[in-house]
Amino acid sequence: MSRVVILSGSGSDAPWVDKIAMVLSDLDVAVIRRVGSAHRVPEHVLSLLRDYDQDETQTVFITVAGMSDALSGLSDANVVSPVIACPPASNSFGGLDVLSSLRTPPGVGPMTALIPANAALAAAKILGLADPGLRKRVAAFQASAAAKVMDADGAALLEQSQELGQADELA
Amino acid sequence: MSRVVILSGSGSDAPWVDKIAMVLSDLDVAVIRRVGSAHRVPEHVLSLLRDYDQDETQTVFITVAGMSDALSGLSDANVVSPVIACPPASNSFGGLDVLSSLRTPPGVGPMTALIPANAALAAAKILGLADPGLRKRVAAFQASAAAKVMDADGAALLEQSQELGQADELA
Amino acid sequence: MSRVVILSGSGSDAPWVDKIAMVLSDLDVAVIRRVGSAHRVPEHVLSLLRDYDQDETQTVFITVAGMSDALSGLSDANVVSPVIACPPASNSFGGLDVLSSLRTPPGVGPMTALIPANAALAAAKILGLADPGLRKRVAAFQASAAAKVMDADGAALLEQSQELGQADELA
Amino acid sequence: MSRVVILSGSGSDAPWVDKIAMVLSDLDVAVIRRVGSAHRVPEHVLSLLRDYDQDETQTVFITVAGMSDALSGLSDANVVSPVIACPPASNSFGGLDVLSSLRTPPGVGPMTALIPANAALAAAKILGLADPGLRKRVAAFQASAAAKVMDADGAALLEQSQELGQADELA
Amino acid sequence: MSRVVILSGSGSDAPWVDKIAMVLSDLDVAVIRRVGSAHRVPEHVLSLLRDYDQDETQTVFITVAGMSDALSGLSDANVVSPVIACPPASNSFGGLDVLSSLRTPPGVGPMTALIPANAALAAAKILGLADPGLRKRVAAFQASAAAKVMDADGAALLEQSQELGQADELA
Amino acid sequence: MSRVVILSGSGSDAPWVDKIAMVLSDLDVAVIRRVGSAHRVPEHVLSLLRDYDQDETQTVFITVAGMSDALSGLSDANVVSPVIACPPASNSFGGLDVLSSLRTPPGVGPMTALIPANAALAAAKILGLADPGLRKRVAAFQASAAAKVMDADGAALLEQSQELGQADELA
Amino acid sequence: MSRVVILSGSGSDAPWVDKIAMVLSDLDVAVIRRVGSAHRVPEHVLSLLRDYDQDETQTVFITVAGMSDALSGLSDANVVSPVIACPPASNSFGGLDVLSSLRTPPGVGPMTALIPANAALAAAKILGLADPGLRKRVAAFQASAAAKVMDADGAALLEQSQELGQADELA
Amino acid sequence: MSRVVILSGSGSDAPWVDKIAMVLSDLDVAVIRRVGSAHRVPEHVLSLLRDYDQDETQTVFITVAGMSDALSGLSDANVVSPVIACPPASNSFGGLDVLSSLRTPPGVGPMTALIPANAALAAAKILGLADPGLRKRVAAFQASAAAKVMDADGAALLEQSQELGQADELA
């Protein structure tokens, strides 16, 4: 058994959390959503982190906190399981709030993924290490992304050959 | 009675803390130095913050944490006393780690001062609200900074009048 | 008796000032609003700053000036009371106008808070040092912010248990 | 059995790779080092990635490529195992080369860790999900980082009590 | 015979590709459009690049890939023909995704042009080196841009002389 | 009669002021140096600005203030004569302190020149409007800068023809 | 007699030019508008610059060129009269196109003013050095800006005293 | 016959030009070095650009101008041959002077390459379109860069197998 715990810093992050959860659901990964602010209710955060970290189920945490992201570092330093920071996109200050997810000191090492789909995919890859079925679903997800590119190339080729054909007919 | 508690995130911040403490000492403000990482030992941080926050002595906290500053927000949200973030200067990423001190969410509001002397001065101004003697020392500190500018202007004027004098003598 | 003087650099900053004043009112802190540009009417600014700074009432200044913020530094250097810079948000130049509030020289040390609610809260914390009633209102304000997070977590848990329940019923 | 494959884009990245490998060795994690440029020898990179990805051993990839990091995205998109980008630090362009590690499109999701020690720790946490012994070593590593902070706080307290003692003796 | 191959990383880049192709058509340069992601289908990309690179026709590649641009470097390193990176405009992160096109290592040297019209013009200039007719069309294109400026200046002069005339009549 | 008044915010700006003054001296423009901080001694600054502004001599002000530049805006708003901001170069925060010189509100409009030589040259051009002799010295200064470029081109041509000559001799 | 020549790099800059011209008209300064691209028609630009620079009328040039501003440097280096760069505002790349106006080499020194009103005001100040009437109009313009601030402060005071009055009546 | 004309804006750019020229020499491409500032001697620049552009020899221009790069745009707009901007590296303002090379308006389209070796390689690729021998030398240059990576990977593998061997011997 395995799961992803998505911990967001505020109830207002729900739309961002939804995007992560949807991709995880597509990959048939179990998801738990929790809310807890590292600033306002740190003991609550620590308590729930440790509960999930210490039971039998393999867990990956995805932390979702905008502006100054204290949640990802606090989470990572207090669990043994992997933590992926996926801060909600923001245009303020040139998007550089992301530095607060990235610039944690030595020994406090959440990993950062910017896009909800990619945080979900990364979590699935981690849990897939011990789950051959999930591993296959990840591979299929990647193959589908690759196929979409190939299809676009095929369509481009077709369109151009038709244009040439029309040109020939006109000639 | 009043005091400033300087809380740094790591023992390696000591030189920066020294600079803050030195100005506070010059202003005859009592200083306590503590070390506690919001990431690694959050319960220790919360415990010492609340101890200082709840006793009789008026307290201003100055928080010193580089890179991603989780300490200032965590501190501010968990004490009723004022918190001043004074993150150590860094040239990495154009100095924009400071966003992690500034960009805290509503209700989590440390104030930021970039220079150790200014964090100390701001803390002294706060404690001076209830301490006329300290208020006078703050005023003297400001007057001394102003005098330094006036002295530089006096010296510039003198030098130029002497140059004119020498020019006259040569003529 | 205590108060917050919000000094803005232009009449056009009124909406931003309103947001600060509203939170201060919620915390039952007396507010005075003044307008004065450090560039255009510096003597007017100096005169009103000193008037408020020198009478009996404990005062915290909040300075509101956008673009290049000269007001916060000028204010801080000329009063003994604490000054909090709260420049109106701007997206121009990646929001880096805030550097003009932050980068004052040694001895000129306004503290910066980016969000109106946080500037108000910080001022309340400062005045609360000598006002146990205000201190309680600040604590209640913080508790309410924390409760909002806990409520969101409770709602998330409830929603997921209901989904599980529905799944059980369907099974 | 499990391992970390550190893939760097150039032989000149060896000092950065060393730092990652050293922490992994301290955590008793098996390390393989390979070199391959996504730009210059993409087929070589794809071939070695797939070899490691498809055999029996659980593998985490850490990709090390400076300037424009094409290696991390190329690696992540072509393996089912997790990929951690750990680009060498650079001050050019305000350190914003890191955007090339972070800004991969949907479905191409390496995770980014800025500091070698943190990339190593994150990889160890991932492999620890299926390895209780490694999980304990990660916990010990974290406890040691926390202890260092507590020691610094203890030393600060001791120093201050001694100063007070000396002051008492002098009095 | 000569041509420009526009290779985009995703089908969603088609509007940007259209703008490049339209200018090339105006200059009567043959255009081939292909789609291939350096991340997802690198072998497809390498295969088509080499096919175009090795046949008889003089070819300039224009690569179109947003976010982290791995395509331009991968393309340039694997063909002998010139490669021009023309990444789609983005406001995220202050537009600095462009660093991923620019910051390729020594020996991997796509050239960057930010605007579709300019990427097209640059490709036409390159192919014009061996094509006097194209060279004349490029010159005409430049002359037309210059004429537009001269016309605007003429209109400005005319308008002002008319205003003066009206002022005279009124006098 | 005309002059340039260089007003710096601190005695520590003297080396930067020297560079400006040296170019002005080369152009035979009279220079007065004064020191006055807009933050610390605003009334002193206002007093000296108005004194120079109101007497008979044509005056251009050059203001020199680092970090957050309040001096240039304060100066410009309180004199009728032109003000050129020439803030000392700094690498902190990517050099963006310069925004504090540039981003003054409507009606407060110092002009900015980044390099001491260019601030001096611009002031000389302004004073040259009413001083044909100075105008000639400015033209000579510009001609000398142009000649330096032509000399470098001549030297490059000579060197290459000599290399060709040597190659011929060797052949 | 004196005038301002506003030289824009493209006909599309007309709205920005209008804003500058309107303030100059309010100050009763003669304005000439011209269009000329430093890139596309450099000889045209040089020719018109020199014509205006060499006749009897005192001239200030205001150059208006967006994106990469070559016009301001080219203009400044080739006239003896002062040149003010006033590049149109842009949000692309965090507004940092302005560096192309600012970062000219030694001896090429246009002055930069960001806002149309301020470029106009600065030009008026320069021409006012030899024109007491214009000097008075500049002073009136500044006084009007100051009065606007004082009015806003008066209105704020009035509103607050009325609120107090209403509170008294209610009591 | 073909050649690269490297045009630098100042004699002080010679070391940067040397690096470009050295790689071109290694590729056996003829190089001409010229100096001409777009700001100071625009007519000289235009004259030499047109001379090279109009004779029989196939020419690629590489323009080298630091700070605000007006040279690359001016060059590109006035020749029919391709222009590659290769501005000298600078750490000032986060390296963003490069925007002045990149952000030219439609119809003015120099291509940008950041590294001297890459500007040289790109020029060689362009001239190689009509020169099979040069094309082979470019391919060899690329193959040598690829081989260096493969050698580093081989050395890494060897070192690790030796370490394993030593470990075996010790066992």
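To keep things simple, chains are lettered A, B, C, D, E, F, G and H as they appear, and every chain counts its residues starting from 1.
One rule holds in what follows: a contact is a pair of C-beta atoms (placed from the backbone, for glycine too) under 8 Å apart; a residue touches a chain by one contact, two chains touch by 3 or more.
Keep in mind the model is a prediction, meaning the values are calculated, not measured.
With contact taken as defined at the outset, chain A and chain G are each touched by C, E. Relative to the C-alpha centre of chain B, the farthest chain centre belongs to E.
In whole angstrom, the spacing between the mean C-alpha positions of chain B and chain G is 39.
If you average the Cα atoms of chain C and of chain G, the two centres end up 34 Å apart. Work out the mean CA point of chain B and of chain E, and you get 52 Å between them. The residues of chain F that reach two or more other chains are 9-10, 37, 40, 77-78, 91-94, 96, 102-105, 107-108, 142, 145-146, listed in rising order.
Interfaces, counted as pairs of touching chains, are A-B, A-C, A-D, A-E, B-C, B-D, B-F, C-F, C-G, D-E, D-H, E-G, E-H, F-G, F-H, G-H. Chain E makes touch with chain A in their complex at residues 9-11, 32-37, 40-41, 44, 91-94, 96. Those residues of chain A that touch chain E in the complex are listed here as 89, 91, 94-96, 142, 145-146, 148-153, 155-157, 160. Chain C makes touch with chain B in their complex at residues 2, 58-60, 77-78, 80-84, 98, 102-115, 117-119, 121-122, 125-130, 135, 138-139, 141-142, 145-146.
Chain A makes touch with chain B in their complex at residues 9-10, 37-40, 42-43, 46, 66-70, 73-74, 76-78, 92-93, 96-97, 99-105, 107-108.
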